[in-house]
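Please find the structures below.
Okay, so chain A shows up in both of these, paired with chain B first and chain C after.
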Partner chain A sequence: MAKYEIKIGGLGGQGVILSGIIIGRAAAIYDGKYATMTQSFGPEARGSAASSELVIDTEPVGYPYVVNQNILVVMARGAYKEYGPRLVDGGMLLYEKDLVPIDEEDLKRRKIRYFGIPATAFAEELGRRIVLNIVMMGFFAAVAGVVSPESMEKAVLASVPKGTEKLNLSAFQKGLEYGRNLLDNK
Partner chain B sequence: MKADPKGVLTGIHFMDGNHAACEGALAAGCRFAAGYPITPSTEVVERFAARIPVVGDGVFIQMEDELASSIAIQGAVWAGRKAMTVTSGPGISLMQEHIGLAATYEIPLVFIDVMRGGPSTGLPTLPAQGDIMQVKWGSHGDYEIITLATSSPQECFDLTIKAFNLAELYRCPVFVLLDEVVGHMLEKVVIPEADEIEVQERLWTKKTPEEYWPYDPEYGMIPGMVKAGDGYRIHTTGLTHDHRGYPNLNTKTQYEMVNRMINKIKDNADKIIEYEEDGVEGADIVVIAYGVTTRVAKKAIEDARKKGIKVGLLKLVVVWPMPEKRIREIAKNAKALIVAEGNMGQLVYEVERLAAGNCPTTLVPHPGGGVHKPETIEKAILEAAK
Partner chain C sequence: MANKKIEGYPRTVVLKSGEEIELRLLHEGDKAALLKFFQDLPEKDKLFLKEDVQDPNVIQRWIDGMDFETILPVLAWYDGRVVGDATLHMDKLGWSRHVGEIRVVVAADFQHKGLGKAMVKNMVAHAIDFGLDKIIAMVMENQHSARKAFERLGFEKEAVLKGHVRDIQGNKQDLIILANDVSYIWNKMEELVSDFDPRRFY
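And then the complex of A and B:
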């Protein structure tokens, strides 16, 4: 597939915007593709709805917004409710398993492939709940097939604050392994 | 001259338009910014405030309001610095008096305007292109400014450098317009090495303090500049002034001052104008757009071409001055012009004037809050092709 149109949704503070930046950076800088990210956020710093959008293509991106949303990454129930119905048939859903109750019947009917991960719980095991989005990015790298895991890892390291690389790398690896195991067992 | 490496963040970045505009300013040598941060432009000065202590030899001041911001930067220029302020539509409205003053002082200044929906406080976090006329005509009296419109973070970097260079060359306010969506959009931004970036130095006077007058034309129509502390005694004023910078309130001085201020831009328009064409030669329909709307128009044009329509795009990179000659030519050869803009019809009237009845001009308006849908522009193309 040449063109990916990705929506990432969650709550402010979950790292929704940074997740978009990591995927975009991986695609545009390390994978040699074109990536355009747009974002929307509420006035509050934490707790309000937050989302970012990415268009990734092998050609320059013209229209900057997502039209045919073929991948959805959600870290909160509200985001799934809002953006879930806009997923195109045959698309892909990645979700935070403990926070987002999904409607499997609906997803199966629309031939949407869906993969869940308890990213928050994993992040807590690593000692910092704040890295849940990086766990999610590892999972995305393993499952989505948009950007290579190597590029994603480089993008994580280039995007997180100095001094937190080790923690973030562990989080990324955790998500990546979980995703790979999930694919092997499907 | 080449850019000072201290201000150049060489590398390949994944960066938003606001940050890229700030990096462009730093690369161009801007070392003073004053602003009253306003959504959706805040990230430009936020980054400037964080970067300037690292770059060194510069200052950011968060001012008490837009009036103060737009006059602080003028003081900085008289002190020898390259300076900018950053705001959005409501801020430009408030700065208009000082924009007129800057035009009359003839000082190089850059105003970065990250446009949001209006009128009034409007839509702080959503895009529109409603400032295209207020940057040109907002202050009273007759004067000329230069305006550039960006459609991607890379252009935010490149065109902000160009804006500073033009400001120095023509000693006038230069506006860099970002649509909100461009300011908050992240894409790859390539920042080259400092020695690959051409930077225009201030047109310092070559005269001695004894022979110097601040408004004697020295570089073509442009007077040479001095800075405070160099031993030149100067006077300047917003009142109509003669070559000495002293008020001289009569028709003759008014005639000379206003004409020179306007002609220094008009007579050099061909050097200032920049536009991009895609398939305009031989096209029946030509879409004219600027900023983010050019990206939407490209999609609409691709789709219309698949249906056999001969349609081209004229993208205005420099909006003011307008490429008047080129639009006149295009209007003589095309069947119709379409102006797509993020407002209810502003630049369309200029295009209509230039088309001069040679072909019809259709407006595809958008009130702001989003960008056009490609289908809307495509529909107008198909309609015009009938």
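And then the complex of A and C:
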């Protein structure tokens, strides 16, 4: 298996760090891989830049920080502008379609595969904007191929507060379904 | 027509008295059974209903206009007949789109057996799944058992509308609005996605 070096970027309040926790949990606990996660967040809880980094491998991870960022998940324009140029050629970009305007020509030139999802709109349709990161995790599970959807689903359920499981599960399924359809039609 | 997929039905509820009740979502073929359920209700219970549900046209209108995102109707079935009706009413676009109202009616021979409580509990779970912050229910001041069923599930008296309804003898009665604030469940999720202090994850 390739070593995955993943960056997740967005704004405080979008669940960027929780997303990192979920992917890390899915990989290390449920998929039996090795994973490290680091995070960065601003002084404010909402609206400031936030990011998390994961290194996932079948071998023990010797260095916990992302060096060759081969997957980027972005939920805000600023995060795309900052981390997009660091995505390696041939890498993969997953982005929030309604919030992140992408430079398609640049991505094509760098042979980066890119997949967008209107995660915020889907979350609002489900009743809570707050679950946009979980929609994004479903999308990640379908498209990225890093961890199995089953493990991601378990990690989501293990990470969200009691009483919110069902809506979060619906959000995950929505992203997963959208991602699978996108791959089928690509 | 119903456009939101609701999973998990039919589901079974076992009452303290041993009866196994099946909860199902309302569907088109239920008109006759639902009409009979309402027609068989004691007069005193019909008083608590907001519409003339003995009129087949009213039931037909409900069925024709079914939209689970606005009204989620669940019927309780026992031995081939409807013994309970619960609905969750939601306003998807208005200023109270975070609020849902639960209405529950139980057949006379199934009252005081825990069916009402089970149906309210089921609808509260749906309300949370729909992302609502607050759930309300309206009871008359003399609907003691209904009020108790709601209170056992976290509802509290929030307002009283004096002399708002007339009872079967024509006397005015107070209408009590009970409310259950479930937003705290989502407050935890808000904290979790705030991307501020990672220590809370461990």
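The rule is simple: the second predicted complex is superposed on the first by the 185 of 186 C-alpha atoms of A that agree within 3 Å, B and C clash if a C-alpha of one lies under 4 Å from a C-alpha of the other, contacts with A are read in each partner's own complex, and residues count from 1 in each chain.
Simple rule for what comes next: a contact is a pair of C-beta atoms (placed from the backbone, for glycine too) under 8 Å apart; a residue touches a chain by one contact, two chains touch by 3 or more.
Owing to the predicted nature of the structure, the values given are computational and were not obtained by experimental measurement.
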May I ask you to decide whether A:116 touches chain B, chain C, both, or neither, giving the answer as first, second, both or neither? neither
Please indicate which partner A:21 is in contact with in the superposed arrangement: first for chain B, second for chain C, both, or neither. both
Which partner reaches more residues of chain A (counting touched residues only), chain B or chain C: C
Answer with first, second, both or neither: which of chain B and chain C does A:149 touch in the superposed model? neither
Regarding the shared-chain residue A:91, is it in contact with chain B (first), chain C (second), both, or neither? neither
Contacts for A:128 in the overlay, against chain B (first) and chain C (second): which applies, first, second, both or neither? second
One more residue to check, A:39. First (chain B), second (chain C), both or neither? both
Who does A:13 touch here: chain B (first), chain C (second), both, or neither? second
Touching A:164, do we find chain B (first), chain C (second), both, or neither? second
Can you pull the chain A residues that chain B and chain C both touch? 21, 39, 41
Would you tell me which residues of chain A are touching chain B in their complex? 20-21, 24-25, 28-29, 34-41, 61-65
Can you list the chain B residues touching chain A in their complex? 12-14, 125, 181, 184-188, 292, 295-296, 298-299, 302, 371, 374
With touch defined as at the start, can you tell me which chain A residues reach chain C in the complex? 10-18, 21, 39, 41, 44-46, 50, 126-128, 130-131, 133, 159-164, 166-168, 170
Within their complex, state which residues of chain C touch chain A. 125, 128-132, 182, 185-186, 188-190, 192-196, 198, 201
